[in-house]
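To start, I am sharing the structure in question, which I have written as structure tokens.
Labels A, B, C and D are assigned to the chains in the order they are written; within every chain, residues are numbered from 1.
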């Protein structure tokens, strides 16, 4: 189950501190990257919430993100409703779409769940790609940013926008952590561990899964609204399954089911890709090799590995050396 | 309290439950006997709703639940334990019991309060842990506790659900004589108004605790009556003892 | 729309041809999954590798048949390397690590193709033997497409013979049903796994070489084919030959007739089919395990 | 990707005799192109063409130093926009050159316009970019989707084609190409008897569509496909024997020299219209083809000439004495010169290029497939399309 351990808190604070320090010291493009990382971190946290804790490995989070972006874009550009309404539409739209997907796919598991979510995501993608109302594959330009001058913030300033996204990423983490520590979150972990038993205990499992997916979709919608404001332009590419795939890689790379690992994975992958592509067009090759190496080196993900080493050291300090450290990896039930 | 009428279930050409009828009164201790493959576990699966019956009716407290889902039946007070441990892997004993207790107390879906630290849930967990003798192991992950403790947790999960009707599928399988003794004590300590159906291989236990015995063979009820009659029945003796598998 | 009989016969043949291409690709993937419990997302990349190797072989030798022979062999050899270097260790590493590793492989292959064969789309010609058109069922149809249909049916026949009539087939079926039991029977499961993985790779490579004369050879062809192949496998139900053939036919026919009858929906159709099947049958149409 | 490429025009310094009207100025050019992803080959051709122009004509602006900064769009609009921002805000470029995908162009248009940075579009053909969404800062040295396809309508009708069936991928460019052709063809008196749009980049088997098109019984089939889809389409068209019964016409990207050899004999006889073919018999083109082939070991494609002309336009603008972004933008929308593709100029009403469209047939040559010129439609100019600068 989820525990906000001191190590987790320290990692979150360290990452946030690093991000702020980087933001204050970097140039324009660094801020673009930082903003991208912050937005993807929200999305990755949303995915880890259902994938890492609910066992629902989704391949439609790119689509939820895109639905959020399009909800924001259509509210502001097409309907002229203004950014606050757009934000509400994005969060609500993401939640609603996700809830519906979660509800109808609740009976599928494993790769079947992955493919079912992919199917819904790709349908949304194909629809927007060919729909003239939303600009088809050319997308929608001219998306405005939220006017936060009442709070004394100018979101058109790159640094302010980056730090705002960062703050929202922290908020997304806090909300997710709080949810995972509630009865709702505990039950979600119960479903991942043994869905059938949860049902026999009287839980309406599909409703719970759909609700969890809906919450995740709300966060993904928020990330989408931020992405739309960041680029001030939206296109169907946001919804493509490869976005979901890369996102899943971020979460697994950072450590599935660790929450903070999701954010870490987003940061590492974005900066790795950026740094490598400064030297070569063939960044796919390097990133691919890094992913393979990451698995061969431990297979727990970056944060998972950190936690593993930390606990082994603690166990070694606490217990005499002849006792082998308990391996926290578990293989289901006997 | 729990009633089955004319239940039928086949897998292809194989009929595993053939017109089974059963009526268990409130507070009754019923033992289900029968050789391996007689359809006892299938009957449980049908009663709980994990399998859909091909025909017949199931009633809880007079209410027809045949069309209800597994979780809806559970919310009416039906709980079960499994012959093969069916726990929440990767979690501690306390977390396992909390999940069940939170469900029973309506704390499983609250998005604000933590069920793990909820007082009502924690009290229920402690009480059940004491009943099944797991107090010492509460903080240990279930995958590392001994087999006997996992068997007790299996029953504990069902108890933590605060059932009105409790179905237990071979709760003593695989545990030694000491464990069986402890289980007797546990059974005696359960509230009198709790309705219990036990699938059991251990005849002594069966005859000791049962108010009434039902014997299944090839998916059919071949005997239904008080334990004494069962013990004396030539038919039961032949079916049951003839294929008695001491190691099961 | 003109609706004479020959029009529909040609469309049915189109559908069958597409189904057979899907079948060659998906059968390897599904059996590898059923037996090794391994989601090989890099299967599409092996298909692309088959096409690229085929291109080089056909260009060097000046004959299509060089591609036909070289692609499955080279891809199977690459499969051997992958198996010993990675797949073997990944089998017990859990599905998430498998996803990460095979996704990594997709990335690596993508750039290997770019470095080795460049960014410009390539193509090579079908064999002269099958280059024209033939008459069949009263319609004139490209001979090479008939060859693909024939090849698919031949592979299907060969695989079902091997699976149902030979000892190794019995072992594979036992392994799909219950690998622990197969191991208990004293079978060298590891060797069977290895063999199945290699055959799956060879079929993917063959599919690449067979598809290349019809399509074009591009660096992204592996990623583009991955999703339809996974859809075939998942709709059919993982691990069964029957599922692979059913899924291939279903997707091939739905995609072909969908693009004829409801072209506006063509892009959405197979996803809608996938979603529909999974909502009604959460483990596909013909799951290998009960 | 930030491969900083300091391009000091070393050779230029030696050509002291060359007329030098340029200012002693430093110009920073941002090349925003796809260097990875599906259009990587196109990006490279444009880059090569652009650099060739700077190399050949740099002498004319010998005092100027041109520094080139490259960024990869990955063919993703958000990435393109973020790289465009980086080039303009961080690298402080004076001119931006490139953009292959219309999606990327749509994404960066507003930002480029607002920042007042001149952009020379070297490929993206979206009609809107020099129509309703035109900008004083954005000039196009490549083509517009309408421009390439409109002339084919009357040309085909005059050559005896009365009915046509059309096919194209289902995305914005596909629709624009076909819609423009259709309007022009129908205006000329022809009739489109049927049309279909195939799912973009997911259609591998054109068999069902070809069978349907053939059943409609048109005089000809007119299509737009490019890249891998073009190869698949042309080969499948031939394999069904359609080429013997119904002639295939198209937008010239269908049989681009970049990949026509991958299509093989199937491409023979396909007639298409395009703004450039490498077999044009003009001194400018011969010199260009020779120079490009010498440097890269292959004949240039229309993409290479687009990059080349973007480079030429830049040189012309600098030669005119423009030093700041505002002046460069103004100068760029007035350039005219003789390109390898014939005389070109920028239409002041739209900032789109005015150029010839060549109707050509792909034929077997001594060294693979080549392009036979069938006709030239001179100085094709786009309608204003709602452009107001």
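Definition applied: a contact is a pair of C-beta atoms (placed from the backbone, for glycine too) under 8 Å apart; a residue touches a chain by one contact, two chains touch by 3 or more.
As the structure is a prediction and not an experimental result, all values here were calculated from the model.
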Legend entry - Path length in the contact graph (subunit B to subunit C, fewest steps): 2
Inset, instruction - Identify the chain pair with more contacting C-beta pairs: A-D or C-D. - result: C-D
Legend entry - Centre-of-Cα separation between subunit B and subunit A, whole angstrom: 41
Legend entry - Geometric centre distance via CA averages, subunit D-subunit B, whole Å: 74
Legend entry - Inter-chain centre distance, subunit C versus subunit D - centres from mean C-alpha coordinates, in Å: 37
Legend entry - Set of subunit D residues in contact with two or more other chains: 36, 40, 170, 199-200
Inset, instruction - Would you mind listing the residues of subunit B that make contact with two or more other chains? - result: none
Legend entry - Contacts with 2+ other chains: residues of subunit C: 114, 267
Inset, instruction - Give every touching pair of chains, nothing left out. - result: A-B, A-C, A-D, C-D
Inset, instruction - Flag every residue of subunit B that touches subunit A in the complex, lowest number first. - result: 48, 50, 69-72, 74-75, 79-80, 85-91, 95, 98-100, 102-104, 107-116, 118, 141-144, 147, 150, 157, 161
Inset, instruction - Using the touch definition up top, name the residues of subunit A that touch subunit B in the complex. - result: 1, 179, 181-187, 189-190, 193-194, 196-205, 208, 211, 326, 328, 330-334
Legend entry - Complex interface listing, subunit A residues touching subunit C: 57, 104-105, 107-112, 115-116, 118-120, 122-123, 126-127, 129-130, 241-242, 245, 248-249, 252-253, 256, 281-282, 284-285, 287-292, 294-296, 299
Inset, instruction - Under the touch definition given earlier, write down the residues of subunit D that touch subunit A in their complex. - result: 1-3, 35-36, 40, 72, 76-78, 81-82, 85-86, 89-90, 102-103, 106-107, 109-111, 126, 128, 133, 170-172, 175, 199-200
Inset, instruction - Report the residues of subunit C in contact with subunit A in the complex, numbered from low to high. - result: 33, 39, 86, 89-90, 93-97, 99-101, 103-112, 114-115, 223, 227, 230-231, 234, 238, 267-268, 271-272, 274-275, 278-279, 282-284
